[in-house]
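Below is one structure, written out as structure tokens; the observations come after it.
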Amino acid sequence: MFFYAARRFGLALLILFVAVTVMFLMIRAVPGDPVQIMLGPRATPELQARLTAELALDQPIIKQLMIFYGNMLQGDLGIDVFSGRSVTTIVFQQLPHTLWLIFASITWSASLGIALGAYAAAHPNTAIDRAAAAVSVSFVAAPAFVVALLSLLIFAVHLQWFPAIGAGEGFWDRLNHLVLPAFAIGLSWVGYIARLVRASMLEVMGESHVRTARAFGLSERRIVLIYALRIAILPVVTVIGVGMGFLLSSAVFAEIVFARPGLGKLVIDSITTRNYPIVMGSVLISTGLFVISTALADLINAWLDPRARAAR
Amino acid sequence: MSDTLLELDCLSVDYETSRGDLKALRDISFDVKKGEIVGIVGESGCGKSTLISSILRLTAPNTRFREGEIRFKGRNLLAASEKQMRDLRGADMSIVFQDPMQTHNPVLTIGRQMLDIQHRSRSPKAEKLARAARMLGALGIPDPEARLKQYPHEFSGGMRQRIAIAMALMSEPDLLIADEPTTALDATLEVQIIERLQELQREMNCAVLFISHHLGVIAELCDRVVVMYAGAVVESGEVREIFHNPKHPYTRRLIDCDPGHIKTRARVLPTIPGEVPDLAALPQGCVFRDRCTQAMPHCAAQVPPLSKLEEAHHAACWLNHGEVPA
Amino acid sequence: MADMTVELQKKTRSELGQILTGVARDPLGLMGLVIVGTIVFCAIFAIWIVPYDPVAMNIKDRLQGPSTSHLLGTDQLGRDTFSRVIMGGQVALKVALPAVFGAMAIGLTLGMIAGYGPRWLDNFLMLLFDTIRSFPTVMFALAVVALVGPSLQTVVLVVMATSIPTYGRVARTQTLTLQNSEFILAERSMGASMARILGVHMLPNIIGVLAVLAAMDIPTVIALEAGLSFLGLGVKPPTPSWGALLKDGYSLIRQTPWLVVGGGLPIIVATLGFTFLGESLRDVVDPKLRKQR
């Protein structure tokens, strides 16, 4: 398990390393003065001079790349054009809002999806199963930001059940503000996860070891909930890990629609004010988040499934 | 007959399919006495699997019990509720399945699974685990306490089948059903496991219904044999009688085709030509007729009854009837 | 050899017919076909369908509700929402189709090279694919837009770049599987060139699976284009895009609900249509794929 984890995180680091390189080359591929491009038109001359010195633009490109890596390793993602504060600090200040939103979204949708899928698999081809399947397909199709806008229109503006904007103060108010955005982000996941769980559950229930469990008189409840579901949710873990990218993207939109603080709002605001260091920093941090979450999903899978541990 | 444990009485089972009923079992009658080992022989597709899943009622949803009874300790199982069946499974009767590689849950430790199957016992967890370890030890698994913490994939096929047998015997059942338990294993392992099974069976005095197509194992292990073909019993009797004095052409061909019985070095292994008939559209008369070298006109007219030839020997073939009714 | 080619073409043509009948027989597939057909039809003949010029302003008639003259009302500049919805479909397809087919072509080529070529190249391409996939799509798009500025071409390029790895991976897996199949081994032993093996024998077998992926990818692209336009980072105004409609609708959400509905519904319907079609296609073309997704 230890070696597996080490290898998996090694791969994650390698991917992150290549990602940073791609990012660097992308900035360089745009014609013009790199300092101008990286800082945007709003930067002060002092800041430009400072970055020019830091980037060592007179040095060969390999040397520049090394300096770039060096800054990354020290957690230095640059400086905010306006306030002069470190980008890392600013991004990490906003990150918790986004993470909470993602966590809330995936928690409600995965629990409901797993329950629906397991129920549908235990009662295949019944009316409820078919209804769940039809609803699942329709929900999968709905892009999060459209759902966000429509639910804002219906539940916040017209029915006024939930607040329209902001993140709220205090625990209950925050929770109340979380409902609509988490609903919008999670909706398509419910159907997706339900379908996934139903399919893998049906497959597992047909496997020999389930017949063995039945032959020993274990209760159907125990067989479904412990013997089969534990195997059937393995793909869900992977899908959520890989889906971190989608979740982040949805969160960006939900934060804009509901005017919530967070990574998405930070990036969009920074693009409008042409505060490029913050944009780049946020993109790198979210890439890191994604890489870590896929690695984590693999580790959780390995922990849940002893076969995966042995196979790799 | 108070020493009869399991009794099948004219059992007929169909599978409902889109192309009509599949007559998987027809008119099956035989019994298993307490502490006895009965072998069931036949090619694949002869209904052995349907037979054991019917006894345990682990049948597919499209299974229909058309006729007959399955009596266990005098009680008709076909009339029992699902709850009553569950109480029997893994307690009074248990089963060892064919493929040891698929039979255990891959994500739970062996110890956890052996603990879970003792769900009826009220003993403390430590005691249950100790019992599991004792059982594994009895099946010849070294260092059983440590191995309880391992997952199925960490065991070889032979080891997994030993575990499966240990699990099946842990409740000291009255009846153990073994569905080709050694088919997936190589010959030396097969002998070892069969010997262990025999020892434990004697110790516990449980009856065994042993399904196999390996005649050598059947001859070695069993007291009596039931030969099945295309969903029906064609011959049954004491093991010695069946092997030395087979009365049904199918049994004779089966013995001839068994690699263990071929003494001269043949270039080609003998086989029985032809195929098992389609169970959805059975021909009239004897089901073995098309593949039988001794078929007579009368075989096409009427199904031969399973008739008593000697005290412990039944066969279903018109050849044993001296004068064939016209 | 010529005979074989003719045979192959005949086979593919009848196969295409079979696939379409299969899709049409599935209720969801039929619904998908109808929706997608309608969208494509409206996009092609948009200029003749729209009752008003979608960019013509008419301040007198601003922010109207639905009526017989304006089916979906008008926006803050008095532009007819229905006309903008129809034209928006054209814009959505203009982004989605080149992006998806471009990504498919490049992904196919790279994937086949990875599967067929030397080991080191395979490893390198896979690492590159994994890396590109690890940029969250929207974040990546935002970074690019920030660097080079918003435009239709930027959206197409970003979508292409981010979805190439998906096609590449599938094409690689298929190539690896086919490589060891008997007919490819037989061709090889007869000394067929690499180009011939890849082009004549592998391509027809891989393209079906990729087409299914592409059908299911189109809604994602449509949503991304609409999303970027909603943020004001996609197509530039006054080009009518569903996303731009939503952007206007969002700022006027307390005055009129019709802009949000007019922009949101077509996205949901289009997504549904392409998803139904894609899933139905998948079941008909390759039922095994069902498990992989």
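As written, the chains take the letters A, B and C, and residue 1 is the first residue of each chain.
Quick note on the criterion: a residue touches a chain if its C-beta (ideal position, glycine included) is under 8 Å from a C-beta of that chain, and two chains touch if they have at least 3 such contacts.
These figures come from a predicted structure and were not determined experimentally.
Asker: Which neighbours does chain A have in common with chain C?
Answerer: Intersection of chain A and chain C contact lists gives nothing.
Asker: Could you find the chain whose CA centre sits the greatest distance from that of chain C?
Answerer: B
Asker: Please compute the C-alpha centroid of chain A, do the same for chain C, then give the distance between them in whole Å.
Answerer: Computed from C-alpha means, the inter-chain centre distance equals 23 Å.
Asker: Just the number, please: Cα centre separation of chain B and chain C in whole Å.
Answerer: 56
Asker: In whole angstrom, how far does the Cα centroid of chain A sit from the Cα centroid of chain B?
Answerer: So the centre of chain A lies 53 Å away from the centre of chain B.
Asker: For chain A, which residues are in contact with chain B within the complex?
Answerer: Within the complex, chain A touches chain B at residues 207-209, 211-219, 222, 226-227, 230-231, 304-307, 310.
Asker: Under the definition above, what is the set of chain B residues touching chain A in their complex?
Answerer: Against chain A, chain B makes touches at 56, 58, 86-91, 94-95, 97, 99, 102-108, 116-117, 119-120, 151, 153-154, 164, 167.
Asker: What part of chain C is in contact with chain A in the complex they form?
Answerer: On the chain C side, the touching residues are 28, 127-128, 130-140, 142-148, 219, 223, 226-227, 230-233, 246, 249-250, 253-254, 257, 260-261, 264, 267-268, 271-272, 275-276, 279, 290-291.
Asker: Can you check the complex and tell me which residues of chain A touch chain C?
Answerer: 14-16, 18-19, 22-23, 26-27, 30, 37, 137-138, 140-143, 145-146, 149-150, 152-153, 157-158, 199, 203, 244-246, 248-249, 252-253, 256-257, 267-268, 270-272, 274, 276, 279-280, 282-283, 286-287, 290-291, 294
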